[in-house]
Each structure stands twice: as C-alpha cells, then as structure tokens.
Amino acid sequence: MTDDTLTDDAPTSDGAPAGAASIARRLEAILLVVEEPQSLVSLAAAVGAPVAAVRQAVEGLVADYDGETGGPRRGFELREVGGGWRLYVREEHDDVVSEFVNTQAPSRLSQAALETLAVIAYKQPVTRGQVASIRAVNVDSVVRTLLSRGLITEVFTDADTGAIHYGTTDALLVNLGINSLDELPRISPLLDDGADGFEGEVVR
Amino acid sequence: MTDDTLTDDAPTSDGAPAGAASIARRLEAILLVVEEPQSLVSLAAAVGAPVAAVRQAVEGLVADYDGETGGPRRGFELREVGGGWRLYVREEHDDVVSEFVNTQAPSRLSQAALETLAVIAYKQPVTRGQVASIRAVNVDSVVRTLLSRGLITEVFTDADTGAIHYGTTDALLVNLGINSLDELPRISPLLDDGADGFEGEVVR
Amino acid sequence: MAPSPEDADTITPAGDAAPPVETADGFRVSLPVFDGPFDLLLNLISQHELDITEVALSRVTDEFIAYLRALGPEGDLDEASEFLVVAATLLDMKVAGLLPQGELVDAESVALLEARDLLFARLLQYRAFKEVSSWFARCLQREDRRHARSVRLDEKYRSAAPELRWTLSADDFAALAVVAMTPTEPPTVGLDHLHAPLVSIREQAAIVVTLLRGAGSLSFRELIAGVAQPGVVVARFLSILELYRHAALSFEQLEPLGELTLRWTAERWSEENLATLGADYDR
C-alpha cells in the first residue's frame, strides 16, 4: 500500500499529510461495499486511521467527486445522511438510473401517517396515547405501518404503565435525506405553548 | 447535463466526441447501482448512446480509475468479468474490506434475525413487506444479513408488483438437522389465524 | 449539514408556509358570517378574527356530511378524520367560548380563560404538525427518487465473515416462529401498581344514611371523621352524590372550599333504594 502515496496524491496534494491520499483510497474501497451510511468513527475503524484524518479524507472525496479538485464531476456523489456517509447516484442522473433499475417506489404514506410521523418526530419519545390525543384520532394502525416501514421504533416501555414510547429511526433520516433531527424545520414556538398544556391532558 | 462537457472532459479529452464525458458520467451512475456485470449493449441502452461511444467511455473510465488520466488511482476499479462491466474493490484493498466485513458480521444471528428467519421459514414464499408487517418492524437489514449468510434466497419476483419473495435454503435445513421443510415442527393453528389477519393489513 | 444546497430551499418554517388553499375540491363552509374553505375558517378562528361563538357548528357538520355523501363511499378518509379532529376542537372551543366571561374576578373564570387558551394552543399545535407533515412528504418523495449504492457483497468478502454458530434445534426454531408470529398485544395500562382495596359505594351509602338519618344534618367533615383510607373518603363522597340523585339529601356550601353541610331530606326512604344505589359504579 505504500506505493499509493507515490501516485495518487493529486486531488489532495494541497497541504494534506502524506497518508491522506491512501486513507481516501481505502475509504473508497469500504464505501463501495457498505449498504448503510457509515459514521466517521466506523469508517475510521475500518481504514485504521484517526477520525480527524478520516474526516479530512471524506471531505476531500466529496470535493473530488464534485469535480472541485481538477477531475470531472462524477456521476455519483458522497453524501452524509442519517448520521453517516454513503455513495449515491448524483441527483441529475436519477432518472437514467430509475429507468434502468425499474424499481417500484414504495407506496406513499397517507396524510394520517405523515402527520403521525411528524408528531412522533417532534415529541419523541412519545406514546401512542399521546399522539392520539394530539391528532384526536386513533393512531394504532398508522403506528403499525410506520413501524413496519422502519421509520419509527419502540424506544422503551414504561415500567409502571406498560405504555410503549416511540421514537424515530436513523432510517427515517435517510429517507428524509437529512443527517440529524436538528435539520427538521423548527416549529417550536407553537409547540412550547401547546405541548405543556397537553401533557397534563394526556394524563387525564 | 450540458455543463458537464465544459468541466469534466479531462480524462477523455484526447479526441473523444463532445458527448463522451457526459456518457461517462451517466455510466458512473448506472455502474454504482448494478449488482451484476453489464454488457456494453446493456450499458448503451441504459445511457442511451451508441455502443461504440459507450465502449470508448468505459475504456476512459477504466483508465481514469486506474489513475492514468491525471487523477488518483481509485480504491475501486472498473473490470470486465464474464462479458460484462462492474465496479470492484481494487485488489490491494481486499484485506481492509475483509477485515471490515468480518467485524460487521457477528458469528451468531441476532434475536431479530432468528425471528425473521423463523417467519420466513414458515410462511415462505413471503415478501419483505409481509414479514415486516407480521413482525411490526422493518426487516430490510435483517433480510440482507440472512441473504448474505445464505440462509434464505430470492425465490421469485412478482411480475405485477415487483415484490421479491423469499424462501429458506438447504443451509438452514442442515443447521436445523432436518432433511426437508416438511420436518419443521407443526405450528399450524397460529399460521391459519394470525397470519391471515395481517395479510389484510398489508393490503390496506 | 445537508450535503446538497437545494435542501435549504425546501426547509421552510411551518409557521409561514401555510398553503392550505385547496379551494378547488376541498370542503367549503357557507355560513352567514363566513363563506370559504374549511382550512381558512380554522385559520381565522386561530387568529381570533372570527368569534367561534358565531359559528354554528351543527351547520358546518351538516354541510360536511352532505359533502361526504357527495364524495361517495370511496371518499377521502383522511379528510373525514381530519374533520373529526377539527370538529372536536371547534366544539371544545365553542363550549369555552359560550361560557360567560365577565371580568377576571374569580379563579374559576381565570381557569375558563386558560382552558380557552389551551384549546387555541391545541388547535395551533395540530395545525403545526399538519403543516410540517407536508415537509415530510416532500422530503420523502424527493429521497424516494435517489439511489444509494446498495450492492450485494462479493462472494470473496462474504466468506471472510466468521462462520455462523448455530445452536437452535428444530423445536427451538418452531417455538421462535410462534413467538415471532404472535401478534403483539395492544398495550394496556397496567394496574398492578395500584393496590387500593375495593370500597363499596353501597356499603358507604348505608353508613351515610344511618349517620345522617340519625343526626338530620352533618358536615362532610363529621361524616368522614375517623376515616383514614382515602378510598373510603372518596366512596363516601360518591355515595353522597348518589343519594343526592335520589333526592335523599341536600347540601349546602357557603363559600368555595368551605364547609360542606349535608341535610337528610328524604320523605320516603326504604332500604331497597340502597340495593340499586351506585349501580353506575358496578362493572
């Protein structure tokens, strides 16, 4: 692997340490086989390099694939979603790829499912009863759908009441194309007022 | 896609026709998602370009990934295997990838994986969606694990819905110490009642 | 950080998004004080621009039912369930709105106003989630079209995985299948943490009747003198309410939270009345 450093430091030659290029090459190998977004920590363990160096190499690859380091803008890109990094087809080629693989898109979520998902995302961990009291309808079957889609999961069960508390999954973040819950649109001004009152009501 | 030709003709600039670079980019997109090696004809159909141009673009990409066009020698390579082209991890990184796979795959199946396997064994042929609905959790990653462990296999794909139906393999029988699926202990009452109920839910 | 800059455009704060105008095919309300789509009605009410007491809920309901009929059996279930949410909230608000609200003289009216605010808050909260759900729909739809690399592992790497250690017998496996396929019980509120012994309202009523007929008039404090268990106090109070329903007693309270005085007023009372008393509390 030592010969790597001789030939492939072109894209990261600007001030990167000697091993950076070869970290990037090993990252490329790992990224080719992973099926889920990989955190920097996991990538660092895989390529046997410090997290800081891996972070730098990842950033270098993103720029590299984006065509910002002298090479072409690749047909794929390196994206950070759901708390990790993963290779994606670049958006402008999605149509070409869709036509080729001809995969059926998963069926759309109903409006009720979307609203329930939103409530769970913002109020997690939250019980079905609490969600139902906000939406004022029974949400059991919708919660089941969201569970089987892997968008939400059971976080814990209250020892006293037996009530299951639900939260969202990393798969939801991936499905939304965001990296963390912090990227959800802010609706807190409204919630801060309303929510407090409701907690009391839920108990009733 | 037109702006591609301005920036990314570096690797194929030597006499290639104007659209070659953008063919290469679309090829990269297709190659990122394919499971099986693709013939030039199939690739040409996918990117909507003449076979000759695709052949040239593929050769350009091979050289590009091999670091012969000014860029780095990538951690992956484009190789022709069995009459088709596919991305592979470059051989010198095999150790890193093997080690990564090794640490990712524990020697025992998780409880979730075992339960999913049991559902598939008794309900086969069965789709992921049906299993997910029975188990009330997303089973995508578990199904991948079971597939990679060779315990289940794709039996057929529904022509209408495109849904893949899974069944168990002989490897499972060997592990269980039985000769055929008929020797699985009977648990029919549950199957008749409970399962049907869920089927209904899946449809809804 | 979202990797693509386009994301910035699509993340609009829910507050000012509010594009709920589906006037073309959505449900419209026609009232003397208002004519327009249902969502707008909600909007106005939540902004206090329309007094909820001016809205005849029964008329809105009638029109909505007519609207649903017109839609036919394959009508939009989402819209119907949404209407139920909204109608329930409107009803709550209307109850609060119709109650007299003079000046803030006593704790009771403050509480009423708070309840009213709470209902507004509730409506706003529901709207917030409803609006933000469109952001979820947009993102999910956009990502549905994206393709991540997800390719089966090469055989040579697959064999690098450690050999599977299998410990289950066929019977274990069958047992596991039963567990996995048993539908999970709908969650129920556990009562195991409640240990209070059951107290009979009928028995407590018998005690109250005996005490009250003897004394003619007693304060509630006197009625529960010497009772240590909260459950018995509650049951005795409930029995008083039941006896009041039977016109067996009257009560008097001069000021809020003041002394509660009970007076035996039954002209005809037989022990048979006791037998059916508190039947509502039986299961």
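The first chain written gets the first letter, and so on, giving A, B and C; residue counts start at 1 in each chain.
As a convention for this text, a residue touches a chain if its C-beta (ideal position, glycine included) is under 8 Å from a C-beta of that chain, and two chains touch if they have at least 3 such contacts.
These figures come from a predicted structure and were not determined experimentally.
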item: Relative to subunit A, chain with the most remote C-alpha centre; value: C
item: Geometric centre: closest chain by C-alpha means; value: A
item: Interchain centroid distance [CA atoms averaged], subunit A/subunit C, Å; value: 33
item: Cα-centroid distance, subunit A relative to subunit B, in whole angstrom; value: 20
item: Subunit B and subunit C, separation of their C-alpha mean positions in angstrom; value: 46
item: Where subunit B touches two or more other chains at once, by residue number; value: 29, 32-33, 88-89, 97, 99, 101, 135-136
item: Set of subunit C residues in contact with two or more other chains; value: 147, 149-151, 153-154, 157
item: Of all residues in subunit C, those that touch subunit A in their complex; value: 1-4, 7, 11-15, 77-78, 81-82, 84-85, 88-89, 118, 121-122, 124-137, 139-151, 153-154, 157, 186-190, 193
item: Residues on subunit C engaged by subunit B in the complex (per definition of touch); value: 147, 149-154, 156-158, 160-171, 173-174, 176-184
item: Contacting residues of subunit B [partner subunit A, same complex]; value: 1, 4, 7-11, 21, 24-33, 46-48, 64, 67, 70-76, 87-90, 92-93, 96-97, 99-101, 103, 129, 132-133, 135-138, 140-141, 144, 161-163, 201, 204
item: Touching residues on subunit B, where the partner in the complex is subunit C; value: 29, 32-35, 88-89, 94, 97-99, 101-102, 104-109, 114-116, 118-119, 121-123, 134-136, 147-149, 175-178, 183-187, 190-191, 194-195, 197-198
